[in-house]
């Protein structure tokens, strides 16, 4: 993938994300306080924790979707608030909801969501869809897709994204065994190419890569 | 659990569900045809299949939520259309969407959904919530719960349901390791008590029970 | 009875039968319409007060009366769809809706054109016009619903249900609107029993026109239904055969 | 326990549970209960602004305006009737309950009317006053609304049930339902107007009552059927 | 590739992509495009039924009625503006895109107006005729609506953005937005009425134009901010 090449090229200093003394409480329950961690190029970090430990909350905070927190988040040394657009250009987030419009076909969905980040040709899109196992589904309306198929559409978005940092909230849900394998390989490829991944999941990732773990259970309450 | 006792008592003939020559196609793709299987008291059956193989569709057909199929479905020998209310009294379905109202608290949600099937006291409800690991969350508004916590609320419904047949569509999604264990034990308890379970999931169930498998991949297309 | 019903239910049967009927219908329509029109336009005496504008009636009344017949038709089809799950009924209903809407629109238009000389305005909030308008809304509602629902099965049932509810309402609407006020032509004027009142030279061509336009309605309905049949049955053998033979 | 065993709970208590639940939800979102009312108020007050502020003028259009506003208010408040339940899956639970769906739907309709219909009815005299409706018509207004708004809810719920599965919102519902509600509007508005002309309107009430009775018995069936179709 | 690298795509092409997408969605549900129109038609025709069918009477309320109906139509069609995107998560994608949110929101607003506002404007003379609006006012009606409906869309989208996260629908939006749009309604309706009185209305047009300009520049910012709040 060309984007990996690019990635290597531009990863002069390898420190990407810095979370400094993060604190968050939601209706009177402290989820985490004094949370420090950093993400370098090539890091694949799994955020762990029991239900309600604050994984989703943390991820949304890091993306800037949730601003009810204290502490500081830096992207390549700068506070993300000072460089929102640059940061967002380097970020690809997939949340609990896949971000797939039910009325549009798989291709149309990707055409738009990718176009927000970079030019893309239909052939690229079809390749991406094929690689996530949706060959022949490019023109199926997403409402008529199964839960897992819709999830795969949003994964195809990952393939096309120029972003360097991937933040994925339980991307494995509703994926079948093959789907899981595909995604795991994807993650490894991305970090190999100098990207970084922050992922929450309850299932055991088996990837040929040294997996960093961030466990929120200790911190909560 | 008292319901198990009852169950044993009344399970004179053990054949519960019969699916006969089921055929279903969705927009021109045959999902399954000539599908036969039956469920006896004490059966724990996992419906398998890759994404889009038709698991959800099958489950909804069996529950009577989806009527665009051919073939016959019998409950204890009778066609379900001739005895809808009896069948539904013996059925508990949990779909991709948990059936949890975001505005209500966990307790209020259960109070209603259980009341559709049987009288229930608040203490029962609180016990059930405790058993699914939501002790102290009884009065939390469900909007303020995490994905997994909401899932657990609907599982608590299972504990309180008098139904003999459980039909669960990917109930393990968003559950953490503890949650998964809880649910697995629940399933075993239910089938031990003479109930029957039909469950789809992509993760490996490890249960101390001989698991029956129904694979849809062969059948589709 | 049942045999007959299921037979009638089969789109194939309908397709073959309709191909037998169509020619006759074509003939009947051309004769009736040409005779009716020529008679209406050339030989019907001028109306003593309305002058030549009376001739519009020969389009307006048939069209209007058909557009009234459309909703009951859809409702019946709806019942058949829901009770006997007959695919063909739904296809007919689906095709009837837009055609009915067009007829209603034409009735409104011709009515308006007629109104211009008679009432000096294109539109008045008179009972029958209004109830016609509301029926038009109902029809559009059915069409919109049909297209809004993706799965054809659900769409079929949903529209069936809506048309039935609508059909129950139509008389209520008609009644309430008439009761609300009326300055439209009373229906009696042209009804058969007192044809003496207005001479046969007036109503005979009208009857001819009505039957002719009915033929036109049936034909257009059959044609679009045949389309629908081919659409939905495109995978079944007999359609494939037809297509191949057409390809030659 | 088994399928053969009698249903574990009386239909009535299930009915009550559903009714209580819906009222509870409404109570939780207390200011949502204000919305139909506010909408009613705002729409009505748009007319003096948009049309004219001349009392004589307003008096003439008062009855109709209030009725149309009430019609729209209850139409729009309907959108929440089944939507939330559909999206969070509660609707499937309801449909799969061993209770006759007719009563469950009825419970939801009643709850909805108590929440969004009744306040409008109670509020109407105030607005009538703002539009200089002759005071002798107030009673007629309240009575007709009291008979009419439930019909709107009942008819409306059919439309909601038919459209609950669709992505697009609000308008399609109105397009389907509004034409069905024309008779109620006509009779209601006419009754109010006629009273101020000193005519006898018992006939109008009778008509509205008849329509209400019909709607009460038939509409929930239609809604129930429509719901089954929509979840399919 | 890296955060430092220049944004990969021009804001304009992202703007175009968003615009095209929304129009495409509308096109897919072609008959949904009928809804605002039909709603407009139906609401307008409710008035003769509710108020009176006397031409003189209708003439007087014509301008106001058409305007109120247009107001409601564009208000209700707004509900679909961000809702679907919020529910399927596209909205988060939009907010996290490296593009200035202002333009993305603007694109969605423009698409929405083309779909639901423009048809209403085009249709309005017909309805004006049915309400016996004096023919010399047709132009005024069309022009004011042409200037006014975009303002409604723009203001409306602020309300939608604020309420998109809430369960309850439709009404709360109307309650928030309608008051904001009152000035437009007043000026628009008055302009139409004044024309039929033979008065000069260039002033009204100027005012509407000014409001439109303001809304065009400011409203999308407000909407963007509101969206960020809603997803939080």
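We just call them A, B, C, D and E in the order they show up, numbering each chain from 1.
The rule we apply is simple: a contact is a pair of C-beta atoms (placed from the backbone, for glycine too) under 8 Å apart; a residue touches a chain by one contact, two chains touch by 3 or more.
Every value quoted in this text rests on a predicted model; they were computed, and no experiment measured them.
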{"item": "Partner chains that chain B and chain E have in common", "value": "A, C, D"}
{"item": "Relative to chain C, chain with the most remote C-alpha centre", "value": "A"}
{"item": "Most widely separated chain from chain D, with each centre as the mean of CA atoms", "value": "A"}
{"item": "Chain pair bearing the highest count of C-beta contacts", "value": "D-E"}
{"item": "Whole-Å gap between the CA centroids of chain A and chain D", "value": "45"}
{"item": "Separation of chain C from chain E, taking each centre as the mean of its C-alpha atoms, in whole Å", "value": "36"}
{"item": "Chain A and chain B, separation of their C-alpha mean positions in angstrom", "value": "32"}
{"item": "Centre-of-Cα separation between chain C and chain A, whole angstrom", "value": "57"}
{"item": "Per-residue overlap in chain A, given as positions that touch at least 2 other chains", "value": "96, 102-103, 144"}
{"item": "Touching two or more other chains - residue numbers and ranges from chain C", "value": "134, 137, 140-141, 144, 148, 151, 153, 177, 180"}
{"item": "Contacts with 2+ other chains: residues of chain D", "value": "29, 84, 87, 167-168, 172, 175, 178-179, 182, 186, 232"}
{"item": "Chain C - residues contacting chain D, complex", "value": "82, 134, 137-138, 140-141, 144-145, 148-149, 151, 153-154, 157-158, 161-162, 164-166, 168-169, 172-173, 175-177, 179-180"}
{"item": "Complex contact set, residues of chain D against chain C", "value": "158, 162-163, 165-166, 168, 172, 175-176, 178-180, 182-183, 186-187, 190, 207, 211, 218, 222, 225-226, 229-230, 232"}
{"item": "Touching residues on chain A, where the partner in the complex is chain B", "value": "26-27, 49-52, 56, 96, 133, 140, 144-149, 151-152, 170, 173-180, 202-203"}
{"item": "Residue numbers on chain C that touch chain E, as the complex places them", "value": "121-126, 130, 133-134, 137, 140-141, 143-144, 147-148, 177, 180-181"}
{"item": "Residue ranges of chain A in contact with chain E within the complex", "value": "3, 6-7, 9-11, 16, 63-68, 75-76, 83, 85-91, 93, 95-104, 108, 111-113, 115-119, 162, 164-165"}
